[in-house]
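First the structure, which I've put down as structure tokens, then a few questions once you've had a look.
For clarity, chains are labelled A, B and C in written order, and residue numbers in each chain start from 1.
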Amino acid sequence: MKFLELAHLSVGYGQGQLVLEDFSLTVSEGKFLSLLGPSGCGKTTILRTIMGFIQAESGRIRVNGKDYTNLPPHKRNFGLVYQNYALFPHMSVFDNVSFGLKMRKVHKEEIHQRVTHALSLVDLSKSINRLPDQLSGGQKQRVALARAIVIEPDLLMLDEPLSNLDAKLRMRMRAELRRLQETLKITTIYVTHDQLEALSLSDDIVVMNHGKIEQISTPREIYSHPETLFVSKFVGFDNHFTAKVIAVEKQKIILQTHDMQFVAKPQGKNWEPGNRVDVSFRPEMAILQREDGQNMIPGNILFRNFQGDIEYLVRTDLGEFTAIIPETSDVLDKGPMFIGVKPQNLIIHLCK
Amino acid sequence: MKKFVSMRSWLLVFPAFLFLVLFFLIPLLYIFVESFISKGGFSFFHYQETFSDSAFRTIYFRSIKISFLVTLLAVALGYPSALVIAKMRPNKRAFIMSLIILTLMVNSVARTFAWFVIMGRFGLINQFLSSLSIINHPVKILFTEQAIIIGLLQLFFPLMVLPLVSALENLPAGVEEAARSLGASKSKAFFRIVFPLSTEGLVLGGTLVFTGSITAYTTPAILGGNKVLMLSTLLYQKSMVLFDWGGATVVSIVMLLTTIALNRALHQFKPKYS
Amino acid sequence: MKKQWLSLSILILTFIFLLGPFLILFISAFGSESTIIFPPKKFSIFWFQKVLNMHMFQNAFKTSVFLATASTFVALIIGVPAAYASNRFSYWGKETLNLFFTSPIIVPGLIIGFSLLRFFVLFGNFSIFLGLFIGHTIILLPYIIRVVSASLSNFDTSIEEAAVSLGASRLKTFFLVVLPNVRSGVTAAFILAFITSLNDVPVSLFLSGPGVAPLPIQMLTYMEYYFDPTITALSTILIVFTIFIVQVAEKTLGLSGFLSGRRNEIS
């Protein structure tokens, strides 16, 4: 059920440089979708194009069947929340939140009722008459949110809204945001470069790179089975090395590099002996032990870093790898070790 | 849609644009053309007449000379003042700056007239000197080049100090101290680090003072009168007194081109880094 | 320690040089003699009374105020949209246009006034006041554009976009969201322009005429024929008046912030 449809959008900033080329995406109603990617990948451009601040060179934008491509931005019914809140400095919280309703010429009584309801949803009823500069960052963000949802938008769009908040506040706001979205069932697009945020909030994640979609999947899928090298590097598969496929069987494939052999799962793809592949695994999945074993690489612990759990930097002939081990296990001294991972935790991508 | 935005922007910009074209650009072009017209046809007559007039040449070079001297004096007196002001505490500094800006806001006629009182035959200076019996009869100070220089200096002094203070304030923090810590003496630190970094302010101030002095009217008019003419007072005389419109247009074109050339030239001294 | 004395004396000398003449002006304005003598022999406010009652100066003052108000207003009306467009949009010819808008500052006021005079002659009977008004607007425009542009660039575009996303057209956004927040910038521009117009000599010099002259020109004319403390008294009044306006502006707006790096025709 296509609620939001972006069809073959090409967007540029003039001078012939296209940020997005033939970009297509559909979102189902009520879903929370994250656009995840590094700066410059085009995720904010998509947002601004949907809003109408940027005009696409070609392509169409449809929401709920209606064509929005040529509609001026102030006639679209989309809610927008900015990273820096963008509250009107000269207006009180009430006036900020009621602004959209005033533009829609809603009656005074109805405005009052809807604004107080929206503010209660974000837990800010007590600040209703304050000015923005009297509010904390978290409070300002909630006002921005209330202002965007009170107009009952067809689409809610958030551009890295939590980046300016400190870590603890960010976690709280994440939970509140998700709860709000689920209650109101608004189709939401969330732009971020923080993979943890995307993973914890979304129904679906779109990983983007240089204007192209690398992968669209659920958070779980992306976390355990990144489809491309870029995605794997972006979602935390920090350990990489290259190898060659030397044998393919039904349940496993054998890889070789230097003079070591590794066992991995085929992951539903067709491999052929001779394929050069990139092999990666998560630091969290790494095993550190004194003895050799299947998929174990000999190495030396270079560095040990306590950060709640313990992060080890291990140098091997295949490169330097990171392992993150919970503190409960024995803390290992520097010295010769083996680092490795179970076959099912090895992710393999064909080298281009 | 992009074209639409472009058109809408032009709508906003158009009234100001039209106004300037009609009442600024066209009149300038008009006098430019007028300077080349004599007896109904194209001719260099006005230019020849003006440039061959030794009085004009005297006046022109005098204007440049005076402006140059004023600028030099402004730097000599202004730089030390700016240094002192830049080092003051922010509160005091803001107060001093606002005083300086205040003087800029005062009518130029009033400001120049004050010098009239001081330099006149029965003015302050003469009274002072004669009361000390240094002189027997009043010294002629008014209506001399010196008078104009002093008047212009006082008028434009703030325009030198303000950009300088601004530039000195904006020095990367701790630069002078870093130089001192590396072994530079106080004066070395100044001449090698502080002074070069303040060049931008110096150039700005210098340009303002120089161009201001060449185009000033009130001060040369009051303190120079008809005896010591500068380009500006010459322009007035030719147009409003003598009705020599051809000559007047030439003087105005000369003034305009000189000012533009000056701006260009001084711009070269702006530091390349930023 | 020695450094402190040096600094202090430099500062004091500078200020004597800058402000001393004003002081002398003040004092001699209170003289009772019919010529300007310093120091005055007797204290009197005769000249102040005289100057305030002179029709010539009363008319000139009214003309100046009227002129300043009219030209500042028009400069604002055409300048603010131009500043806004320059700050928010990109369009064909923008760089050249911006250069063009600031060019009146580079051209000496004398030349602007003179060229307008010659230009208006082509049109036969031209109202003197209209000519003055046009001339003043021309020189005020760059200041307005510069100061308003600076205010606008300090105002976050995302706030405007938020308003648009909530349903306000660009025009509504300008009046409801932008203007209230750049009000101090616009007011500062207004005051700056107003004072510049009041003080102007170069442009008004050529565009004034019999009966219609702004105050500074009237003062110059008077000085051609008379040499008495009238002008000293008038100058004193003007200086006090200016100080008053600037102080009010400074207290309410922090005017000096807008003036660092200011180019000005002040003579």
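Assume a residue touches a chain if its C-beta (ideal position, glycine included) is under 8 Å from a C-beta of that chain, and two chains touch if they have at least 3 such contacts.
Keep in mind the model is a prediction, meaning the values are calculated, not measured.
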Centre-most chain [mean C-alpha coordinates]: C
Selected interface, A-C versus B-C, where C-beta contact pairs are more numerous: B-C
Most widely separated chain from subunit C, with each centre as the mean of CA atoms: A
Approximate Å spacing (C-alpha centroids) for the pair subunit A, subunit B: 59
Centre-of-Cα separation between subunit C and subunit B, whole angstrom: 17
Distance between chain centroids, defined by C-alpha means - subunit A, subunit C (Å): 55
In subunit B, residues with contacts to at least two other chains: none
Multi-chain contact residues (two or more partners), subunit C: 90
Contacts with 2+ other chains: residues of subunit A: 14
In the complex, subunit B residues that touch subunit C: 5-6, 8-10, 12-13, 15-17, 19-20, 23-24, 26-28, 30-31, 34, 77, 80-81, 84-85, 87, 94, 96-111, 113-118, 120, 122-124, 127, 152, 154-159, 161-163, 166, 204, 208, 211-212, 214-219, 221-222, 232, 235-236, 239-240, 245, 248-249, 252, 255-256, 259-260, 263
Subunit A-facing residues of subunit C, complex: 90, 156, 158-159, 161-170, 172, 177, 180-181
Residue numbers on subunit A that touch subunit C, as the complex places them: 14, 51, 53, 72-80, 82, 84, 86-90, 99-100, 103-104, 144, 147-148, 151
Sites on subunit C touched by subunit B in the complex: 7, 10-11, 14-15, 17-19, 21-22, 24-25, 28, 35-39, 77-79, 81-82, 84-86, 89-92, 94, 97, 100-101, 103-104, 106-112, 114-119, 122, 134-135, 137-138, 141, 145, 195, 198-199, 201-202, 205-206, 215-216, 219-220, 223, 231-232, 234-236, 238-239, 242-243, 245-246, 250, 255-256, 259-267
